[in-house]
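Here you go, one structure.
Per-chain numbering from 1; labels A, B and C assigned in written order.
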Amino acid sequence: MSEKEPLFSAKNLKLFTDPFNAGNPITVLVLGICSALAVTVKLQPAIVMGLSVTVVTGFSSFIISLLRNTIPNRIRIIVQLVVVAALVILVDQLLKAYVYEVSKQLSVFVGLIITNCIIMGRIEAFALGNKPFPSLIDGFGNGAGYGMILVIVAFFRELLGSGSLFGIRIVPESFYVSAGGFYENNGMMVLPPAALILLGVIIWVHRSVNNKLLEK
Amino acid sequence: MENFINIFVQSVFINNMIFAYFLGMCSFLAVSRKVSTAMGLGIAVIFVLMITVPVNYLINKYLLQEGALSWFGDEYRDIDLGFLSFIVFIAVIAWIVQVLEMIVEKFTPALYNQLGIFLPLIAVNCAVMGASLFMQEREYSSVAEASSFGLGSGTGWMLAIVGIAAIREKMSYSKVPPALKGLGITFIVTGLMAIAFMSFSGIEIKID
Amino acid sequence: MNRDSNIYTLVYSAIMVIVVAALLAVASGALKAPQERNREIEKKMNILTSVGKAAGASIADDKNAYIENEYSKYIVESFLININGEKTEGDAFNTDLKAELKKPETERLLPVFVCSDNGSKQYIFPVRGAGLWGAIWGYISLKDDFNTVYGAVFDHAGETPGLGAEIADVSFQKKFADKKIYLDGKFMSVDVVKNGSVQLDDYKVDGITGGTLTSKAVGKMLFDCLSNYTKFFDVQKQNR
């Protein structure tokens, strides 16, 4: 790290914050939706998934950036895949060892982080041409921007679909029809289509606020 | 036979890769502007899934699973290489896609012209990796079952992408709110399609 | 150095494979112990849940210690039985039900866990079968008349979220309590039927809307697995 600029220069900071708004990987760049939405029924797995993706994106960008001048051209993609897959296996093993319950809920979707387009996308677009530290920041930022969308979707799905947040009941028991009240959970929200529609709405809101992002 | 047909039908309609698991969304969104290209990619995905799922099934059964190496000798019975499965699966997929591309290019240039551009895209298509992981998790009992799952998932994926491409072609003439144009409306329409597909849930085919 | 030469590419990939393989082998070896411990705790938790114990697990400070404590407090006995209902030697807790069910009936050794709380005894039987997509499994407990169901717990590998996956939900599992498995001395098991299609009685449980195939699979699993224990039930009833 011999560059003169400080570690958290404005430029590096922008690398981190950009993905939360104008450069959001899901709503703007349309990357990595695979593997994302199936884990958004509840908040907790969504957060763990977001963190896992952030870690993998950050470190794979960092490692590839370190190796960028040594990688043989012909097997570039394979090398990237191997690095990403190795990191994902590590994450998977750690989850199984320390947050077993959540790892069960995530099931195959941890493995699918490998084929998450964000990771390969950031490696190809950024890490191959930049120094390790900015690559790390860029990876973390994109992972976090991605995680943010997961959390927003999961927030609404858990609140409306199960009446709880983080498994803690928010809508009082007595409101429910079964207990003589007037309220019923929206069963639609726990089903897969709700995630797609919610995401559509999030994009709608995001683009209405940020006019620069409109598609012609 | 009944079993194979059921696995096929269920993976096409009920546990559709796109509508139930959101797998392969990247290419689903990027290559669904025209029906003809969507069709090409769909066929390529079916092709790749039909080969990779059974191959990975065999690798998992005879190399990776706990106790899979026992055909090697009894002292290898306890070895569990399951932790390597992600890396092995993705490597096998990348390798098969590469080989397939070379074979298609060599022997059927006409097909290559149609599918060629899509093949490299498929190596990182989540639906392909996802099918292998689901195959592993669901513990299918034979190669034939795994193949029929692969074929079904691929067909379901193609059905979804061709469907959305057709709708998007029509939709380019409709007045969509500017902020919803493109990505937003595509997601919402996909959600509505997913709801429609849910009406298939519970179907089971019986052959007497 | 020429990054396009064959030798460089080969050496590079060889080194990469060795480094990655070594790293992963070390990591998986080091994490094996906590992972297996998690599985053990989960199994104990499921056994306890099937008899309505361990309800405070989610709020316990140290969940593992809590489960261990409850398990040693309530699960007083565990043993294996053969197809004739005779007790045999063996480690019931670590018996792999999946492997046992693959054996011919006469060679199977199946686990039984006994829970005792203030003098009332429940018998817990593991069950396992094929769901719509992957394996489904669970535990069902009977009161000591070997007829009335006390409780049940189910889990699954990959049933459809929101539909078949609901078998893992408490509201579904609660429906099994107080059902009967014998009618006039004939083994009936508890069947899971399509929501609203037939009159429910002591031998039927209402299935999950939209999860019919998984619901049916639960019924089949219960019948198949409990059938293995019928001789054991007979012997125990005579001894009472």
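Definition applied: contacts are C-beta pairs under 8 Å (C-beta built on N, C-alpha and C of every residue); 3 or more make two chains touch, one makes a residue touch a chain.
Predicted model, so just to flag it, every value in this text is computed and none were measured.
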item	value
Required minimum of steps from chain B to chain C, each step between chains that touch	1
Pair of chains with maximal C-beta contact number	A-B
Most remote chain, CA-based centroid, reference being chain B	C
Distance from the mean Cα position of chain C to that of chain A, given in whole angstrom	33
CA centroid of chain A to CA centroid of chain B, Å	22
Set of chain B residues in contact with two or more other chains	20, 83-84, 87, 134, 137, 198
Residues of chain C whose C-beta touches two or more other chains	20, 24, 27-28, 157-158, 161, 163
Multi-chain contact residues (two or more partners), chain A	38, 78, 82, 86, 89, 93, 107-108, 191-192
Residue ranges of chain B in contact with chain A within the complex	19-26, 29-30, 83-87, 89-91, 94, 123-130, 133-134, 136-137, 177-188, 190-192, 194-195, 198
Chain B-touching residues of chain A, taken from the complex the two chains share	27, 30-38, 77-78, 81-82, 85-86, 88-89, 92-93, 107-108, 111-112, 114-117, 120, 191-197, 199-201, 203-205, 207-208, 214-216
In the complex with chain B, residue positions of chain C that touch it	20-21, 24, 27-28, 132-135, 157-158, 160-161, 163, 210-213
Of all residues in chain C, those that touch chain A in their complex	3-4, 8-9, 12-13, 16-17, 20, 23-24, 27-28, 31, 34-35, 38-39, 42, 58, 157-158, 161-163
Complex contact set, residues of chain A against chain C	38, 41, 70-75, 78-79, 82-83, 86, 89-90, 93-94, 96-98, 100, 107-108, 167, 187, 190-192
